[in-house]
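Look for chain A in each of the two complexes below; its partner is chain B in the first and chain C in the second.
The block that comes next holds the complex of A and B.
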């Protein structure tokens, strides 16, 4: 008797379980990045007691803030269907400029002048890609090199620093606190939430998604495509300017090549956040998760005693697995069908 | 005359090469000199070799950002392994296992990239972006952040040697350029490379196996990057873990200057050779004229964008886009 009921229950529950299995797969596929993040945190927490301490979490957030602020801007550009590889050089340029002008003009003038210059560079990117319709990868690659040169011309190849590091209120952005939390974290998370609201709830945000998803359809529905793309680059430049303020304030000085290589790290976090390089889909808050994943991988591996370069190898694997799962979920099979 | 004109329209970069060549010849007394031309060829051979492979991958509709890290890995392997105890009494032959290991590392990394792109369907840009970070990590792990020096001077002598009056490295580059040109224009693999890059759907429908062609091209670019790393290390007699940083950017710049489309399906080795020469002549000429290196960066970036703009104007040919 007992055995019979058991087998009945077993048979009845089989198809049900399969349905549940599918549901689980689809949830896994949609929220894969969140789940991977949770697993990561759990794994590291098991091996290192310090990992999840409030102190350590704050440290990771503070370290990730600069990459994070830039990633917010790049996410907007990528959702609009383009790339921005010039953000690293731009960060060098803006940081050198704001630090240099700090002593010449004072911080209250240095910040707006630097932001204006950075926005101009963003406008150049935006004009070339938006209005002239040139390939964004190559344009921003060219700009990467050109801005690197501009930075060196501006500084004459010298490193710059701020003379009076203790007495300036400029320190608040990188070293100070706002609302009892380190200010880079406040600025990063505040900017991310703000940009998320812009992208998710305003007409401009919808236009960016539309242009990135299908430019022709967007044009036919009356969206001014060129102007929208232009604005995404201006936003990206603005984010770089903000990152430069944090970086300049934290270091109180700058090398000419301080942002070298940032563009690809930033892009990696955006991709980890699930934003498609094809444009039209993505989410600013998920980029924040991408930033945190990279930040926590770096921190966790260091806490476990691995050399810093091990994180690069792990990042390699994580990026490919994350995007693979995403792609596989969309096509419904693990391996690509191409012969 | 007519053929020259159509040829120049197809390869505008060569017009530019001639232009800057003439300009620097008149502007600087030291430029027009056989010794200097050899210099330019040797200087460009590193980026040039990688650009050959990159052209194949880009015509195929993919891209490889990991070449810079491969350069460092191959150079480190080649120099480290030739100094191993096991080969201590091999004499100059000890160089051989090092070089083979270096080249193999490039081919294997290329195969890894190619297999991932083929089997997972993840965009090559993302796959190789990850590899660019990861392979650099492998280099640091292998070298433990140390630079290696070649103890055997025969190795660095090779980098300074000449064949029939020409620098060996330049000859090597020219030979491989010719070989790659023949591969692209004269073989089935070359034709299919264009076909796959031009229209993947159509290629599949025509019965072309897309995956193996992509795999082979990734292995080739890995091989060329490794070879470039080895020739670079023979010039210096050393390998540093940071070798080859930003080479991916320079290489892509050269290939795009040469007229290869990022979308795939078109491009030539002749164009790429022009692109590589353009960068080489500009850098060399401006160096001779004592233009600070800063300005060279700005000028190169501007030229890249200008070429892109001109190319778009020239090839649009009546197809007016929707403008809003």
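The block that comes next holds the complex of A and C.
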């Protein structure tokens, strides 16, 4: 909501400088992500007849759900003006924990215990960044390595597995169906819509945009900045916990480093979705598009027979394009910022 | 268990001199063997290896060990090798973090008269002059044995003239991954010339990644008769994907490094075969190789320990892996 308002203001000031090129740039910039998405889908569909088959689309949606759930939480943190790089490492920890406790306590206890532990990690991040005002990059980068260590201590380096994979209702989250659709998809899209409503229509959402956009002004408006930032990290941790349930249930086991590198993929989807790393603007539903772009690129390249390392390079190019278009929209032109 | 982890200067000048001469360890002398491992704790195999190594050393009265771990960090491993040289240990066992980067440090050990045994994954060829022996699994043989398991199964099913398979390999750049893939790809056409390997994709030793790769394979190919995975962890990931797609029954899954999950899936009749590689055998073989070298025994340069085939048919002969 706030994001929309912002760009309208930007457009109003543009005509003074440039009239002709602006229309194209502005359309490109505002809908660039959707245009890029459409082009990708079209391109892959031309080269692989299976790419747009219902089976494959469902597969990609299911595969994207884990990254997607995490991206929903990280979007909230980034809108609040901070970063969360600890999510990948937290995912390893939470998945190892929920899988390990599944056989020890049963799923009905394993899930809440794991969620509680994950929320505690989020609370530590939130306290350090929110209340102590430490730099979020440093805090969460440090947390990334601390949690990796904690995971190894917790598991003693052993892989964990669920013994009875057939008979447990825990399977519903990663392998089952809800409403006739694979559950990870339902959970991911449901969570995204819910979070979009929270961010766009509730006082809390408006506070996050305000704090991310201009912390000083937000403080003077009576917003409790520390608490708002704290809560964004708790939300991010909750999303990681949910992702861990899907991942644990899908794989029915966990390696200690299963989430390694996920933080960058998650951040990439958030940036692709047009959320500004400077905070104060962004949109959860557009992050969903970012997630889908990344998912379809990876899948499309695999179907064409490329190793997914190629995908990393392609992702980089797509991110640079997305950032460029974002900046171009603010400048009102594609090239140099100086007239 | 960790009683032997201490910094010791027991290796006296005399002993060091003997070691240099290639015939160390008189009857009542203690030999000190230092080991620097790749990355303990990162996976179950390496964790079990360390425990097995310490247990094996604890049982021997005349062997002291210094057990170190490089945490996957090449620079730290080089520093650890140099530390062990400074402490004048009698022999050094190295599990290389990087086969290329440790060569200069291995050379220093050789110059200091300390024999080096490489364990698990070999170092680069230019370092071969500086090491006494390599103790570990033969990954090329493992790959070719997996090809034989796969081919034998196709022959039983009578589809050896038409079968199509896909391969999910380990992390690119890893010697183990490259060698297993090479062994498999070289052997398959010899035993089953009409089976086609339609595609290979890396699964990075990661079960979830392998599951995703297999999902794409299942979308892309209507006919998949076999999957060869670089280890059972990835093999079970592929099995998960095929089960979800309802196609697991038609596919023969063969892996390597039999993990507990693979063993269990074999027991359920879902997973066909693998290569049995025990981290305990690996650790004990490394220690024994170092002791043999110090005792002046004849040790083959490539001292492989056996990693037999395991399938649903002979799995009772093996204990369930601990990792």
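Definition applied: the second predicted complex is superposed on the first by the 310 of 339 C-alpha atoms of A that agree within 3 Å, B and C clash if a C-alpha of one lies under 4 Å from a C-alpha of the other, contacts with A are read in each partner's own complex, and residues count from 1 in each chain.
Just so we're on the same page, a residue touches a chain if its C-beta (ideal position, glycine included) is under 8 Å from a C-beta of that chain, and two chains touch if they have at least 3 such contacts.
Just so it is clear, the model here is predicted, and its values are computed rather than measured.
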item: First (chain B), second (chain C), both or neither touched by A:267; value: first
item: Partner chain in contact with A:281 - chain B first, chain C second, else both or neither; value: neither
item: Which superposed partner A:132 touches (first chain B, second chain C, both, neither); value: first
item: Contacts of A:157 with chain B and chain C, given as first, second, both or neither; value: both
item: Chain B versus chain C as contact partner of A:252, first or second or both or neither; value: second
item: First, second, both or neither for A:63, with chain B first and chain C second; value: second
item: Touched partner set for A:177, first chain B, second chain C, both or neither; value: neither
item: Which of chain B and chain C A:53 touches, first, second, both or neither; value: second
item: Touched partner set for A:307, first chain B, second chain C, both or neither; value: both
item: Doubly contacted residues of chain A, that is, touched by chain B and again by chain C; value: 152, 157, 307, 309
item: Of chain A, residues touching chain B in the complex; value: 128, 132-135, 137-139, 141-150, 152-153, 157, 216, 219, 223-227, 260-261, 264-265, 267-268, 271, 277, 307, 309-313, 315-317, 319-320, 323-324, 327-328, 331, 335-339
item: Complex contacts: residues of chain B adjacent to chain A; value: 65, 116, 118-123, 125-127, 129-138, 140-141, 145, 200, 204, 209-211, 245-246, 249, 252-253, 256, 262, 292-305, 308-309, 312, 321-324
item: Residue ranges of chain A touching chain C (in the complex, touch as defined); value: 48, 50, 53, 55-56, 59, 63, 152, 156-159, 161, 175, 247, 250-253, 255-258, 298-299, 302-303, 305, 307-309
item: In the complex with chain A, residue positions of chain C that touch it; value: 40-44, 46-47, 172, 199, 201-202, 206-208, 211-213, 215-216, 219-220, 233, 236-237, 240, 244, 259-261, 323
